Amino acid sequence: MLNIVNKSPLDRNTLQTCLDAGTGGAILLIEDGVYAATRGNAFESKLKAVQGNYKLFALGPDLDARGVGDRVSDGVTVVDYAGFVDLVTEYKTCQSWL
Amino acid sequence: MLNIVNKSPLDRNTLQTCLDAGTGGAILLIEDGVYAATRGNAFESKLKAVQGNYKLFALGPDLDARGVGDRVSDGVTVVDYAGFVDLVTEYKTCQSWL
Amino acid sequence: MKLAILVNEGPYTHQASDSAYQFTKAALARGHEIFRVFFYHDGVNNATRLTTPPQDDRNIINRWSKLAEEHKLDMVVCVAAAQRRGIVDEGEAKRNGKDATNLAPGFRISGLGQLIEAGIQADRTVVFGD
Amino acid sequence: MKLAILVNEGPYTHQASDSAYQFTKAALARGHEIFRVFFYHDGVNNATRLTTPPQDDRNIINRWSKLAEEHKLDMVVCVAAAQRRGIVDEGEAKRNGKDATNLAPGFRISGLGQLIEAGIQADRTVVFGD
Amino acid sequence: MTTKKFMFVNRKAPYGTVYALESLEVVLIGAAFEQDVSLAFLDDGVYQLKKGHQTKGIEMKGFEKTYGALDDYDVNKLYVDEESLAARGLTADDLCVPVEVMSRAAIGKLMEEQDVLLSF
Amino acid sequence: MTTKKFMFVNRKAPYGTVYALESLEVVLIGAAFEQDVSLAFLDDGVYQLKKGHQTKGIEMKGFEKTYGALDDYDVNKLYVDEESLAARGLTADDLCVPVEVMSRAAIGKLMEEQDVLLSF
């Protein structure tokens, strides 16, 4: 399934809980969630540790808006809104971790 | 000063940041913040560790609404809205940690 | 593919409505069908025609109305959530004795069943919220 | 003592408006003066007269209006935030070409300067938000 | 009509925000559609089920009883994350309705089997 | 008119919510009142100052430039929490305006000296 996370990992526990549930599939980081995909972020190592279990994506327009489009962690694929749509159709279900 | 915290300590970093700032004075827990003042909560020990630095209060009506009025941690004083008002006037300033 | 969209937050305050709009636009551009956009919680506030945002900023409400007109979108505002928050059409105004309406073009007020139906009918349901 | 209150969230969605109301009521009961209640961000949504909450629930807007009437409270809605969110009085409706108004009794729309002034004039400023 | 597996995922505390209450309203309406419905409670969402809500002091409508009424609507798959309970000093005995307590990973597995996931 | 010490405390990321933008609007209006104004940035609030916002893709109005204009309004006390920067892999060089980086405890001390604390 596709997990959609829109919260910063240093502000909320959302992404951590998503990882703990361990559904596999993909994680798409959007809105303030994209900070989790930036180099040097304290959550970076936790995301790196699960790269074997998930495909990791981050929304480009949200990265750019926040001025962090040039510091995306290795292993994270940047997609645009069309790519977001494709991910939703590609996986059987999606869950927004609100 | 009076620090007012309205977020659950297991959902957000708000209370932790408030403690790190170390202003001293008092902390009043309201709304979802009252969960921090309940026995058995994973944040309980952190709150206990700063009892020498702060007077600790929790809003009774918020505790009762959430069904946790009977499990308030030792060292936390329960106040009602009138007590909330008194705390605001007693300290020179207050900060709501949003 | 047939998609349903749920919008849980109001305009400007959270990015949820912006993200939902961009997603919906991209899905239409990709040739997908939008079965329904459902507005719940503060999301119902996306349906007021009374906003006047700064001229150098986007107009979230007009943008939704325009998209609905262009693509014949079914944009449904939850009636219970709308009553709590003051989003009113002619029928609601009459029923509840209100002296004004504020529903924007392209939106209709209906029940929560429309959300469940969308979940059943659509191939995917995507939630945007806080 | 003279108190100023800032309300940053709308009715029902977050508890902020409820807490601010209970606090204000308790402060008045304690004999304090409320210099002003200022509504900002989604807080402006507390000022719509178009809500119809369930009959077994509190009516947050009417409650504020009534408290204002009883205690001659100055309840100010930020104009910029109100424009983004569609809270409109007669003057705003004329200025921005809107065909309806929704401001509830007891509220007035004004500028952010009123918040700063409240901070300066009041002995304490208490913020309620998310 | 098609039968789909709907899961309502609840991660927010009650009363601080309206999500818990408005989520319940969806569940009740959804019950009429005769779908395969389940509710998951994680993180602060487990607080929704803490028994003994007394909301008079905050003048809000309490909705603890609604959880008890879910069974009348044939909604009886309530899954509660045990780690979330433990971190909050709670056990199943503290909850207002019978639930199935399971690990976070087990809830994750159930999530993967759903057709529609609505989160509040 | 009385002069008071106002501190605006910013703990939220930009664009995900409107608080950062609307907080700036208060600061700009407040500048006309000739008070002693300072801004503190903690936690995700430090992201507000990250340089290089490009908001075209999300169709929102960018407001990075407004931070640069604060100095024209004689608002130049910007305090940034160094722990928050470090946890996000940022340094003062990554920020769009000159700021004073200090410890969380030092910001706490400044908070205690204020007359009015507005948090967003």
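Order of writing sets the chain letters: A, B, C, D, E and F. Residues in each chain are counted from 1.
In this text, contacts are C-beta pairs under 8 Å (C-beta built on N, C-alpha and C of every residue); 3 or more make two chains touch, one makes a residue touch a chain.
Small disclaimer: the values here were computed from a predicted structure and weren't measured.
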(request) Could you tell me which chains are in contact with chain E and with chain F alike? (result) A, B, C, D
(request) With chain centres defined as mean CA positions, report which chain is farthest from chain B. (result) C
(request) If we define chain centres by averaging CA atoms, which chain lands farthest from chain A? Would you check? (result) D
(message) As a quick test, compute the distance in whole Å between the mean CA positions of chain A and chain E.
(response) 26
(request) Return the distance between the CA-based centres of chain B and chain C, expressed in whole Å. (result) 38
(message) Quick check: how many Å separate the C-alpha centres of chain D and chain E?
(response) 33
(request) Return the residues of chain C touching two or more other chains; collapse runs of consecutive numbers into ranges. (result) 8, 12-13, 15, 22, 41, 54, 80, 84, 125, 127, 129
(request) At least two other chains touched by the same residue of chain B: list those residues. (result) 6, 10-11, 13, 31-32, 61, 80, 93-96, 98
(request) Note the residues in chain F that touch 2 or more other chains, in rising order. (result) 12, 15-19, 43, 58, 60, 115-117, 119-120
(message) Thinking of each chain as a vertex joined to the chains it touches, would you call that graph a line, ring, star, complete, or other?
(response) other
(request) Sort out which chains touch which and give me every pair. (result) A-B, A-C, A-E, A-F, B-D, B-E, B-F, C-D, C-E, C-F, D-E, D-F
(message) Could you list, by residue number, the parts of chain A that touch chain C in their complex?
(response) 4, 6, 30-32, 61, 80-82, 84-86, 88-89, 93-96, 98
(request) Report the residues of chain C in contact with chain F in the complex, numbered from low to high. (result) 12-15, 18, 22, 54, 56-58
(message) If we count contacts the way the header does, which residues on chain E are in touch with chain B in the complex?
(response) 12-17, 43-44, 47, 50-58, 60, 62, 64, 87-90
(message) Looking at the complex, which residues from chain A come into contact with chain B?
(response) 10-13
(request) Over in the complex, which chain E residues touch chain C? Could you list them? (result) 1-2, 4, 6, 18-19, 22, 25-26, 29-30, 32-33, 35, 115-120
